[in-house]
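Both complexes shown next keep subunit A, but they swap its partner, so subunit B is in the first and subunit C is in the second.
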Partner chain A sequence: MQTFLMALLQFFIILIISPFIVGLMQKTKSLVRGSVGPCVFQPYFNILKLMQKEVVLSNQSSYISIIAPYIVAVVPITVAGFLPVFDSNTLMSFSGDIIAMVYILALGTFFLALFGFDQGSSFGGLGSSREMTVASLAEPAFIMVIFTFALQSNSTNISHIFDSMRGDIFFNYPVSSTLALMALYFVTLAEAGRIPIDNPETHLELTMIHEAMILDASGRNLALLEIGSFVKTTIFLTLFSNIFMPLGFYDTNTIWTIGFSIFIYFIKMSTLGVIIAIGELTLAKLRYFRISDAMMFGFVLALISMVTYRL
Partner chain B sequence: MKEIFDSIHYFCDEFSEDGNFVTIKTKQLKSLSLYLFRDLDCDLSNVVALRAKDGFIIKYLYSYPKKDYFFIVWQNVQDKFESFADDIPALNWFEREIYDLFGLIPLNHPDFRALPLHPENYPIGFHPMQNDEIKDENYGTYEYKDVKSEGVYTVPVGPIHAGVIEPGHFRFAMSGEPILQLEIRHFWKHRGIEKLCEGKEIDKVLKISQKISGDNALSHALSFAMAVEKICGIKVPSFAQYCRVIAAELERISCNLSDFAGVFQDAGYSFGASGITALKEDIMRLMKLLGGNRFFKDFVIIGGISKNIKPYTKEIIAIIKQVNITFDKYKKIMENSSSILERLETTGKIKKQTVKDLSCVGFTASASGRFSDFRKTHPYLIYSKLDFETLVLDEGDVSARVQVKLNDIKNSFKIIKICTNYISQVDKPKLKARYEIKDGEEFGYAQSNRGNIVHFVKIEDNKVVRFKPRDPSFMNWQSIQFAVLGDVMGDFPLINKSLNLSYAGNDL
Partner chain C sequence: MLIYIFLMVLPMLFFLKPKATFIVQTFSSLVLLFFSAVLLLKHEYISISMFHSSLPYLDFSIKLDSLSLLFVMIISTISLGVSTYSLNYVYDEDYHHKRLFAFIYTAFIASLLFVVTSFNAISFLIFWEIMSTLSFFLVIYNYENEENRQGGFLYIFMTHLGTAFIMVAFILMYLKTGSFSFENWVHVGLDDSTKFWVFLCVLIGFGTKAGMFPLHVWLPKAHPVAPSNVSALMSGVMIKTAIYMMIRFYFYFLSDIPWWYGFIVLLLGSLSALFGVMYALAQHDLKRLLAYHSIENIGIILMGLGSAMLFNSNHMPLLASFGLLAAIFHTYNHAIFKSLLFLGSGATFLKTHTKDMEKYGGLIKLMPYTALFFIIGSISISALPPFNGFVSEWLTYQSLLLNNKIDINIIHIFVPLFASMLALTGAFAAACFVKVIGISFLGSPRSDGAKNANEVGKFMVWGMGFLAALCVVFGLFPHIVIALVAPITSLLLGVDVSSSTSSHLFMISTPNFSFGHLSTLGLSMGFAVGIFMLYILIKKFGNTKTRMCSTWGCGQLNNDASNQYTASGFSQPIRKIFAFFYHPKEKIYPTSRKKKYFFPILEYKAHSHDGVESVYNLVLKVFVKSSAYLINLIENGSIHIYLLYILIASIAFLVYAVKGGIN
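And now, the complex of A and B:
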């Protein structure tokens, strides 16, 4: 019972924190630019507001537009059930295969792309075709990073990987782990749609990737798609932080250790959010055809990291 | 010049010279136009149709950049005229505009579709400048030149966009990401300025002229005022001339900074964008301090200026100095950032021949190897006394255009410094000259940040009977169709921003 409660707690922490992380990134960017910017809790209000609004669908759209937002939202939420935040007992720890996790995420991307196409507007199709290109370039690098961890911990079960991470994997294999970290950073930028791959703030329809697909979404559908993208971003950051900053974990669970672990997790995520936001500010967006170069760089890093997994 | 005049005499029936304006009437219009456009390498600057006693007159204004001369070629027409848009592509839009507004038919026009008056919104046969009557209640349609082929799809963008920007319709023919063809359709905000100004008092037209393109309010007012001053023979006091130059340069800095910020923004570099926007705000506050509003509206009046800016010389010098320092910092950031330069270089190339054919003006032309700056080639106000270096680059890409603009900002800082030194030494500032309105018609011109503005003004009985402004955007818009070829869709906003054309100025 206690393990189930722990799993449920971790699951909800990921869900609850995710709009905050995105809000924090926006706030950081605004502050560095010298403007005040929206409150860090603005994404919560946005979701609440959108939930109350009616859905307007294009008359070109089919049943895909009705089901796709739910799938896009549910997929990352399901994946959140795989991820350990501070305890290896997760909702899916009985079968928490990391390869399954990668491809469940891909299912969300697939339906998001379908949703873009289904609107019948040219921007949706444009966004979908770009998103699929970026996703197919990011996937090999992601899988290579995953394989590195699987090799290092001799398991593809996320909870096992997590347990061995809490040991000394990072310090036992510093070369491989550092390279994997760099590769995962590229993957995170691509999957979360951040600069230099995609610009989440732009109003220019022609340069958008993720935003172009959801340009026609409204009301509850838009809220669901937003939740999907928030949770996805948080999943990647959680993966990042738990693998490379294995702090704040305890073998025994008391109220105090749990509270402290949650606090540490919160700090780690905020730090990562701020780092990514500042990284975005120092770069311009890449040309569309240069994205493959960046992703190739990520892939090569991941490949070297896998080959040298004992270093 | 004598040789040129001799060659022109060979074509012409009537020839008159007035200052740097040469007026020519000829029957061999085509050969003379081609001689001016091709052999002398003149730019087409404005085309004006106006009502005459019987029929209409069409005037073509060519500017000769090598010497400070303008050629006005004119002809009488009844209801149709010969089109030579095939040979002088810059005439294409002018001739279509004349048909829409006056109903004069350009014979053998290569692309005879409606331009300013959309056939969906204006009844067939309605030509507002000819007469007001609506003969027909039927509406037409507009045919796009879409590319139809397997694997080519059309992406229509606008006229409503996702951001707060002016309306414009862009139709891309795409094959994957690369752009095969771009067709633009503008004129969604036709306000009928030419019709509105007919028979209005001069002061009212001066006010209207400032609304042609919001950010270039002062430059438009300046070209209108200078046309009127030329007609009435007004000598503007030199103090007022220096103040006008300061105002014009401040406007130029503010527009160029805004472009610079826009390029950062559209390249996805928001840190630089907000920094530069803050600088622009400093300049606009200075403009408010000097002129009473943020766009220098009503600063220029006929015969001089409306406000004395002498008491604020200290503020001008202090703010310009501080803006200059911060500007250099951001310029360095741009020059040292590979990720920004990588976006700008080789993007949106415009060939020199395209610039020549379309008579593009301003930085668009200067960045493609064809120098265009009326401050140097046709100096007005006191620009001939000022010493500044203009930049001509051959690359023709976004990066070249940005560099020309950055150089322009530097020039403006320098010019303002010289002019403030001068006005601070004047003891008794004289703001405006006394004048009487006379009848006549003249061209007035000024260099805005986008290029030269040329206004045609005709006054009869103290009223403006014909006002034909020509904004630089009207000359430059077509170049974007060539700039995007071969580039990818995602780079279009950046190219568009680097050209930064006005939708309102284009559509009168």
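And now, the complex of A and C:
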């Protein structure tokens, strides 16, 4: 019972902080640019506001437009159930491993792309095409990184990887792990749709990928899609900070240590969010056909990491 | 157990009444499926020697061991779905000579069944040839089309090329064992060079049939032109008979194979997978796209097979059984969802009268059942959870990851590379099916054909529904298939795979449980609970009103269907990024010369080549040219030269006769 409660607690922590992380990134960018910017809690208000608005659907659309937002939202939420925040007992760990996780996330992308097509506008199709291309290009690097970590910790179970990475694996293979983390950074940028791959702030057809697909969404549909993208960003940051580089504090003995672990997790996530936001500011968005180079670079890093682990 | 054979040939007797043929075929498939499942689970195997002819070596023996039984199950599953579908399809499509069609169709299914049950090399070859020839007839069934004839001839040419290699392999085995019976070939000890030649001939011979890269050129030409129910059988089942024989040879007949045999199969598998899906992405002919996806999936099956061979050659039977499970599971899955998709493409073709995806659109509203089943099939083939394709792809990944337990450096470096190729394949497949669904089923109709489409007949819906239901059932309850594969692994490797992978309820795992596990049922429960929660949340706190409005057209008012994204446009980024692979030729030109400068109507044409095909074309061109040159040299049209030939020939014969007479 206690493990179940802890699992539930971890699950909800990831869900609850995810809009905050995105808000924090926005705030950081505004501050560095010299403007005040919206409040860090603005994404929460956005979701609440959107939920209370009615949905405007295209008369071309089918039931895909109705079910796709739910699936796009529920997929990252399910994946959030896989990830440990401070304890290796997670809510959904019985039902899959890290390879399954990659494919579950792909299910969300699949339905998001279908949603883009459903209104019969050229914007949606354009976004879907770009999104699927970027997702395809990021996939090999992602699987390669996962293979490296799975071989290092001799398991594909997320909890198991978490436990063994917390030991001394990271320091046993420092070069390999660092390179894999660098590769994962590129994958994170692509999957979470950040600069230099995609710009979440613009609505110009030249630059946008993710925003183009959800252009026709409104009301609760848009709220669900936003929840999906927030949680997805948080998932990748959690993967980064908690699974593959677990430098932190994990203790579940007393309620105080649990609280402290959560606090450390929170600090780590915020730091990562700020780092990514500053990284975004220093880079220009890549031309669309240059994204393949960035992804190839990520893949090569992952490959070198695999080879260095093996040698 | 003559009932078995009786069931196989029974539907052929009804060919005078095509409708009755399909009904009988449906029921006999159902009975066969049921019987085979029972026999497989009860570990009862039948062997009969039917007919000893007076000709030397020729005897028809049939044996149903676990491997054959599973393939009989695959064939009868697909035949059940496809025959139900045909009840409507053959009449709606209005083929001429329906009796002939029904006869060839059932004879084709019967020959498939005999191929996987024959236990003698000669009888196997006879049925193999019958199968190839009948499928050739079915490919060219609408022989009025030039395209059909060309595809058919390429097919019959390639398949006989393959058969030649198969014969060489069989003859080599005969020379070593002195028998054509498969019984005597089991785990035969061959010397290294013979083993290599047998391996190579089997790989080329059956690889041609399976559509393995680079022997795949016939597949995307022949499969799309056949009637859709036949394409479903060919892609779903016929190419699997080649996989069946590969498993038989590499795990049952050959023993102590070197590790690099498995490595070659793995390499070819990953290349087939990647190349198949990349060519598929560039297609906008729906059936040709599906045919390229067959190449991809054969690649994935071969990857599972190759990793199982690697384990087997390193004496790790437990892990080998796991790899074999991945391969056979994917074989079954691919049979199901590929025939489902071909049937779906047949339904859209029937109603819109075109195979070009660019002319579909909005079919989800006009053909709701077909669209639903097609989407289920697409999710399965893109290996997305929680359907069946995902489970077998997960197993393939795990078996690749476990390959690292083999202590060979090349494997350590290359296998992760193959895995990332598999990842790229999976992602491209998903992109490709987003394209197919998005362009053909969503949005608004792009042509009059698509505008006037309506739902297909009820038997077609049932046929597709049956296969779609299997996609879901096998995805959520993979234990069913594992239980069916377990007797095969105990036959071939002496290890029961089900005890190591399905020890926990509703959960499949790698042989070492802590290494990785998966519960698709748990996942889908998670999805269901999550969606329910979100729904409640919105119901309680949100707004549930919906207003319909026309799509935003950026301020423009003409919202006609041509404003939508196209299939070629969808795959254009990938074509451009991988330009070194596709060699795309793109051209934009005005349709009429008069309106060249002011508001010209432009036409865009994009074309990409299959690189392998051009290599084949080049080789054939050189071959044909040089042989034509030789023929031209000999037969140069001058009657004097011909007379000279006759003279030389008669003198030669005379000399021979005189010499021979002396002896």
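Here are a few things to note about the model shown:
Just so we're on the same page, the second predicted complex is superposed on the first by the 297 of 311 C-alpha atoms of A that agree within 3 Å, B and C clash if a C-alpha of one lies under 4 Å from a C-alpha of the other, contacts with A are read in each partner's own complex, and residues count from 1 in each chain.
Everything that follows uses one rule, which is that contacts are C-beta pairs under 8 Å (C-beta built on N, C-alpha and C of every residue); 3 or more make two chains touch, one makes a residue touch a chain.
Quick caveat, the model's predicted, so the values are computed rather than measured.
Within the superposed three-chain model, A:Gly34 lies in touch with subunit B and out of touch with subunit C [touch as defined at top]. Looking at the shared chain after the overlay, A:Ser95 reaches subunit C, while subunit B stays out of its contact range.
Judged by the touch definition given at the top, the superposed model places A:Pro196 against subunit B, while subunit C stays out of reach. When both complexes are overlaid on chain A, the residue A:Thr3 reaches neither subunit B nor subunit C. In the superposition on chain A, A:His160 makes contact with subunit C only, while subunit B stays out of contact range. Of the two partner chains placed around the shared chain by superposition, neither subunit B nor subunit C is touched by A:Thr271. Contact with subunit B, but none with subunit C, is seen for A:Ala284 once the two complexes are overlaid on the shared chain. Ranking subunit B and subunit C by residues of subunit A touched puts C first.
Residues 122-123, 126, 215, 288-289 of subunit A lie at the contact with subunit B in one complex and at the contact with subunit C in the other.
Interface residues of subunit C facing subunit A in the complex, by the touch rule stated above, are 361-362, 364-365, 379, 382-385, 390, 393-394, 397-398, 401, 404, 409, 412-413, 416-417, 419-424, 426-428, 430-431, 433-435, 437-439, 441-444, 507, 514-523, 525-527, 530-531, 534-535, 538, 541-554, 561, 563-566, 569-574, 576-577.
Subunit B makes touch with subunit A in their complex at residues 153-157, 161-163, 177, 264, 266-271, 274-275, 278, 337, 339-340, 342-343, 347, 488-493.
Considering their complex, residues 29, 32-35, 122-123, 126, 195-196, 199, 201-207, 215, 281-290 of subunit A touch subunit B.
Per the touch definition, subunit A reaches subunit C in the complex via residues 48, 51-60, 62-64, 70-71, 73-75, 77-78, 81, 92, 94-97, 99-100, 102-104, 106-107, 109-110, 113-114, 116-126, 128-130, 132-133, 135-137, 139-144, 147-148, 150-151, 154-157, 160, 215-216, 219-220, 223-224, 288-289, 292, 299, 302-303, 306-307, 310.
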